[in-house]
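Note that subunit A is present in both complexes that follow, paired respectively with subunit B and with subunit C.
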Partner chain A sequence: MNLPLAARFGGRQARAVGVSLAAVLGSAAVAAVLVATMGLSLADGVAAFADGAWGSAYALGASVNRALALALVGLGFIVAQRANLTNVGGEGQIAIGGMVAAAFALNPHVAALPLGLAFALPMLAAATAGAAWGALAGFLKARSGTNEVISTLLLSFIAVWMLYGSVQSPALLRQPMTSSSTLPESLPIPESTQLPLLGADLGLPLHVGLPVGIALALGVAWVLRRSVVGVQLRAIGLNPQAARRAGIRITAATVGVMAVAGAFGGLAGAMMLQGEQWVLKAGFSSGYGFDGLVVGLLARGSTIGVVAAAMLFGFLRSGGINMEMVAAVPTALVVVMQGLIIVAIAGASVAFEGRRAVP
Partner chain B sequence: MKATLAAAVFAGSTLRLAAPLLLASTGELVSERAGVLNMSVEGMMLIGAFAGAVASWASGWPWLGLLCGMVAVLPVALLQAWLSIRLRANQIVTGIGINILALGATTLAYRALFGGRSRTEIPGLERWSPPGLGDLPLLGEQVFRQVPLLYVALALSVAVGWTLRRTAIGLAIHAAGAAPRAADTSGLPVEKIRYGAVLFAGAMSSLGGCFLSIGDIHTFTEGMTNGAGYLAIAAVIFGNWRAGRTALACLLFGGATALQFQLPATGIQVPNALLIMLPYLLALVAVAGVMGRQSPPAGLTLPFARH
Partner chain C sequence: MAGVAAPAAPWRVPDSTPVAPGPGAAPAATPPLLHIDGIGKRFGALQALGDVSLSLRRGEVHGLLGENGAGKSTLCNIVFGIHAPDAGALSVDGAPYRPKDPADALRHRIAMVHQHFSLVDDLPVVDNLLLGQARGVLRRREYADRIADLSRRYGLGLEPFKRIDELTVGERQRVEIVKCLMREPRLLVLDEPTAVLLPEEIRSLLQLCRQVASEGCGIVLVTHKLAEIREVAQRATVLRGGRVVARSDAPDREIDDLVRAMIGRTAGERAGGAGSECSRATPAPAPANRPAADPALMLDGIGVRDADGVERVSNFTLTVEPGEIVAVAGVEGNGQSELGAVIAGMRPPTSGRWFVGGREVTRATPRELTQVGVGVVPEDRHAVGCVLEMSVAENLFLDQLHRYRRHGALDRTRLERDAADLMQRFDVRAKGPGAPFASLSGGNQQKAVLARELTRRPLRFLLAAHPTRGLDVGAVEAVYDHVRSARAQGVGVLLISSELDELLGVADRLVVMYRGRLMGTCPAEPAERERIGGWMAGHAA
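And then the complex of A and B:
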């Protein structure tokens, strides 16, 4: 079957894929030129990038874990987006999730729970707390019409500084101060609360969060495409007045859908803490929420798009960090690439969509 | 006497810390009133801070640095305007993209020019006291002896407030943001007004960034704006999209930052995190409608297209 790509995918998807590929390749070309202008070896840089992104089992696993957190935030974003709500609060929802997961995991009673509850309960608690944090923005929107972009952005900063405060204070999550040089961070969480590894024999640092994430992605795809809820959300997104006349409860849906988005962010925070970092420190969320938001935006409502964009950013960041350590190419180069990709796709995708009025 | 001195120092540092926010939020106010939520303030401030510092370092003239900072931000502001107004791309995603781009680009360029982690001192603006005020005992030295750019910021804030309220330009900006379709029907060039507003926001953000690098710290450090751009957006929200209240919000936020440095010396124990969080918390309380109705421009974040 030698059908052109466009015929098989449908024109819109093919164009979206084309635009994204062009943006990635274009930004890579700009990065290559920059490396050359800085008088560094391009070959060394590329080798170090590949090595850091997927060169070893460990690197591959780390990139996938990074992508997992980004994908969760992105999934939450597209669920809310279906109801025409923009969740900019991923960063704060991750922080809340990390904080609550740490508080639960550091509780000796929780750590002693059997049957895997020791690691499941902190995750559940983090998702619940994230849901409450997200629902707050939904509630403000439904009650006083507060723009959710503004409220979730402000809630993000509040949560990030709450986390900072919690690891500064020995009364909260800071480790016991044994000397003046005790770092402002939590104790490492006990082993029973860390997420069990899947590919330990292969040296892959993948954990049980991955299958959970995959299941959630499938769930989101199903809800958005096949379920009644998906249709109702779309109805609210397209025309709230008509949806209300049709008997859809807008207030409940607005609060609910923001809660779901928040729960995904909270879960991402729990997985970052329990799967990789094990210690809660200031700057824990470190831009994952904003990257996840961009992943959701670039995906343009598609679950596969979320996964693809999350993988792209996950590998990009991992490779970039190694590039700085090995080849003396500043990580900032990858930051530039990421910025270029975002700006290019954001601009191009609208231009290619026939300039319809954006809902 | 000690308490009076502490109060004077507090007032002086509140003004100094509020000034970059005041510059950036005055620009952002105009952009938002015209209907564009310009999320790239942070990136624009950073580019201004960088370009201003480099030009001041290369020429030895801080005022030339100020000018170069404003020129350097224009391409970025044009990009933001073109993407969000002409292409009608999502204003939030383009803003975040530009912020990321600015952080990466200034970091790269700084390292290429100055190497690793140097903190080269650059020629900065001299402090100056307005005639008369500078001779007051205590207040003259601690409160009014400031970088002249601070007085420029205050003047610009008043001028913008007056323009928005009293002039035809102000009315046109308001119309473009509140009722773009009606404005278009009555013959106003909505797209041009929005372009102008975003460019103005860029120039003002850049001045805010320059205040940090040339005016205050006399050096550039990677990512030195550190969230000031988002704070400027919060000030506009807390100010309910009015110039006077936005300026007050900046003073309030500046005061909260000044307290972080001064409270420990007085022995009062307040968690640092709470003071840093305070501006965002206040802005949230304001948008939640607890303090009376908020009235954002009706067309904020909505792209406008002629059909």
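And then the complex of A and C:
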């Protein structure tokens, strides 16, 4: 701690940024080559991508909202990661959050609540339900050592199918069946439960979830870097035996940290429903949980890393969708690019740190 | 040395009269099977081996004795090509031998069974043996026949098509041995093969050793159990601190000398000797002075069974009064680790009860033990005592971080100031309180752990398990000075170590553990050395 800032952050941090930039640019170049070999116009593709990612106020807002959901899942991931727990259950936690938020928002009593409670309560309920879903995996881990990678993944499948079931059943969340063509999805949630927009006049679809997300990111950064709990989680992650001997409650920490990760996922689900989609349908989580997991992995424990990776992936997704619609470039290309970025960054870190780890 | 033409050296059964296979008996012209000449090996600051020489004849079982950390495994790993020596040379059957890697060692027909098995649990025995040996087409049938042959020949009772996870630990070890035997080795290295075995399995393993040796193979048997050496070894070498401290051509008759060599007898070399007299000049406050006080520690019939149901500690009863240092002596692996784990709160005993300051803590968590005033210097500093990647300050207050909370955040300024104080008091040398714990030398790490454990309030009782292992002489003295000052403050101390001289130098009373039992209690006086040595070797008083 007495070291000058430059010495602590200088080399490693700078290199991490450099590696990430190189990975992004490199994979963009590979993607460009792929577009060209497919016989499509590179210029059209790039223009469509830029247009979709940040070309209009709407596009910009949509990209940021995507990034927000990814960042929330990523934040939960790095909290759990600090205690050496890997939460791969973001997808299911989003589904649970979306489902619970929809159930609350569609309740007329909730929709009638004053003072913004109409939209806040579903969010809180979704976070709580996500926390319970995550805590379940934590409890299994603490109680009988069940690997949390497997339990969170399997719990994800359960949650995703539960959501599917809930929008299929009129007794649950499915909209009233007026004809045989009524889609298996919920009614749109009432306006009072939708997240208020911040820049409606500018045509930016940004909602109050954004400041909430920023506050949470700052909170996570503070907890991990400055709080007693942050140090204790680190001790658990690095040497659980020594942490136990030092009287740190490992069981409570394991359950708690997985609950936090789940709460972040649940909240992401609520924001996706109440901020953008307004209707709960099958396929609601559509891979955000897994992209969020990748965001968390790429961030390597850093909050800033989560924000950066989430932005990158959010813009990539938005641009990719537009690229397919306008320039006939398949979205799969964006997935290829994501993959290349992951491999490049992970490979670079292995190359740099793997070598150092050899005695 | 025993000639190549006479491979079947007479090996011994437990109580056979010694048949002299002595080095002088055979013609000296033929080179030994394995000759190790002045091997040295250094790992960073640690001199793991220094000038170690050893030679082994065909058909000989050679016992390699020593405490943990004495360098036995390092020596084996050098023979098997895992480590390259820094100094010295090896030869096999007279030809220079310098293995590049284990595969190279195997090509020289030198095989090793490691302490930890490398078997695939889900595969049958035969597939495990095929792994790494078969090329091209898998001739499973042929291998199975060979396994069955070997199993019959050596009475191993192995079924080739049984899955590994259906086998007992002893059977798994026999699979590892068969893996070696299929290569028709001329030298077999067994690294602590009996540590994991039940008594009857040990007997059959030793029988196997005899048979394999009788066919001309040389065997290096690493152990710290003396009974095994007495039973099968024709010769023995004792390592201590990386050096050869004793050799015996008749270990069955010289077992007591070997014990003494293993645990160290040279007074003055260690903290014991002269230092012990000084410490005794200021005797501990006699427990009788404060009859009203509850004992610092009371173990009442503690028993510990491991996961396999083997009893590691049995009916262990011991009392430590406030202001008393009680030493637990014994050859390692006689239940001391399990006893230490119970007292550290890392596992509950399977039977019996125990108390600290009169309060029952039989099933207390480490956190609760800290609250009643138990300090623990754990046996494995790195695994339990500290978090290497974290700073010295964080490690010093890992259990008290909640006291350094300011506006909710961890007050690092105050934490590091207090850490710097503590580091000065306990002479912990580091770049600063923020330095990573891993950057400290072993001695300073141990002083830091002591600093944490001895400054707990309340502190009624301290468990120090091997507190001086791996430390240099200066650090050893410092550690014991701190332990003595804790005693002066009325703390009861239980000191577990295999360094008898150190124990005699610092403790008030000494008990000996052998096979999980308390063999005897005596004042920690050098005059008791013979009696203690006997207990350690398993002779009842």
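One rule holds in what follows: the second predicted complex is superposed on the first by the 344 of 359 C-alpha atoms of A that agree within 3 Å, B and C clash if a C-alpha of one lies under 4 Å from a C-alpha of the other, contacts with A are read in each partner's own complex, and residues count from 1 in each chain.
By definition in this document, a residue touches a chain if its C-beta (ideal position, glycine included) is under 8 Å from a C-beta of that chain, and two chains touch if they have at least 3 such contacts.
Note that the structure is predicted; figures quoted are calculated from it, not measured.
Enquirer: Overlaying the two complexes on subunit A, which is it for subunit B and subunit C: clash or fit?
Expert: Clash.
Enquirer: Which of the two partners, first being subunit B and second being subunit C, lies in contact with A:34: first, second, both, or neither?
Expert: A:34 contacts subunit B only, not subunit C.
Enquirer: Return the chain, subunit B or subunit C, that is in touch with more residues of subunit A.
Expert: Higher number of touched subunit A residues: B.
Enquirer: So, does A:215 touch the first partner subunit B, the second partner subunit C, both, or neither?
Expert: The answer is neither, since A:215 touches no partner chain.
Enquirer: Taking the superposition on A as described, I'd like to know which of subunit B and subunit C A:340 touches: first, second, both or neither.
Expert: In the superposed model, A:340 contacts subunit B only, not subunit C.
Enquirer: Scan A:228 for contacts with subunit B and subunit C and give back first, second, both or neither.
Expert: A:228 sits against subunit C, while subunit B stays out of touch.
Enquirer: May I ask you to decide whether A:297 touches subunit B, subunit C, both, or neither, giving the answer as first, second, both or neither?
Expert: first
Enquirer: One more residue to check, A:158. First (subunit B), second (subunit C), both or neither?
Expert: After superposition on chain A, A:158 lies in contact with subunit B alone.
Enquirer: Figure out whether A:242 sits in contact with subunit B (first) or subunit C (second), or with both, or with neither.
Expert: second
Enquirer: Considering 134-142, 170-178 or 296-304, which region of subunit B has C-alpha atoms that clash with subunit C after the structures are aligned on chain A?
Expert: Here subunit B runs into subunit C along 170-178, and the other listed stretches stay clear.
Enquirer: Write out the stretch or stretches of subunit A touching subunit B in their complex.
Expert: Residues 34, 38, 86, 88, 140, 143-147, 149-151, 153-155, 157-158, 161-162, 164-166, 168-169, 290, 293-294, 297-298, 330, 332-340, 342-343, 346-347, 349-351, 355, 357-358.
Enquirer: Give the list of subunit A residues in touch with subunit C in this complex.
Expert: Against subunit C, subunit A makes touches at 1-3, 222, 226-228, 230-232, 234-235, 238-239, 241-249.
Enquirer: Considering the complex alone, what residue numbers of subunit C touch subunit A?
Expert: Listed in rising order, the residues of subunit C that touch subunit A are 344-346, 365-367, 370, 376, 378, 383-391, 394, 398-399, 401-402, 404-405, 408-410, 412, 416, 432-434.
Enquirer: Enumerate the contact residues on subunit B facing subunit A in the complex.
Expert: Going by the criterion above, the answer is residues 37, 79, 82-83, 87-90, 92-94, 96-105, 107-108, 111-112, 222, 227, 230, 233-234, 237, 271-274, 276-277, 280-281, 283-284, 287-289, 294, 296, 300-301, 303, 305.
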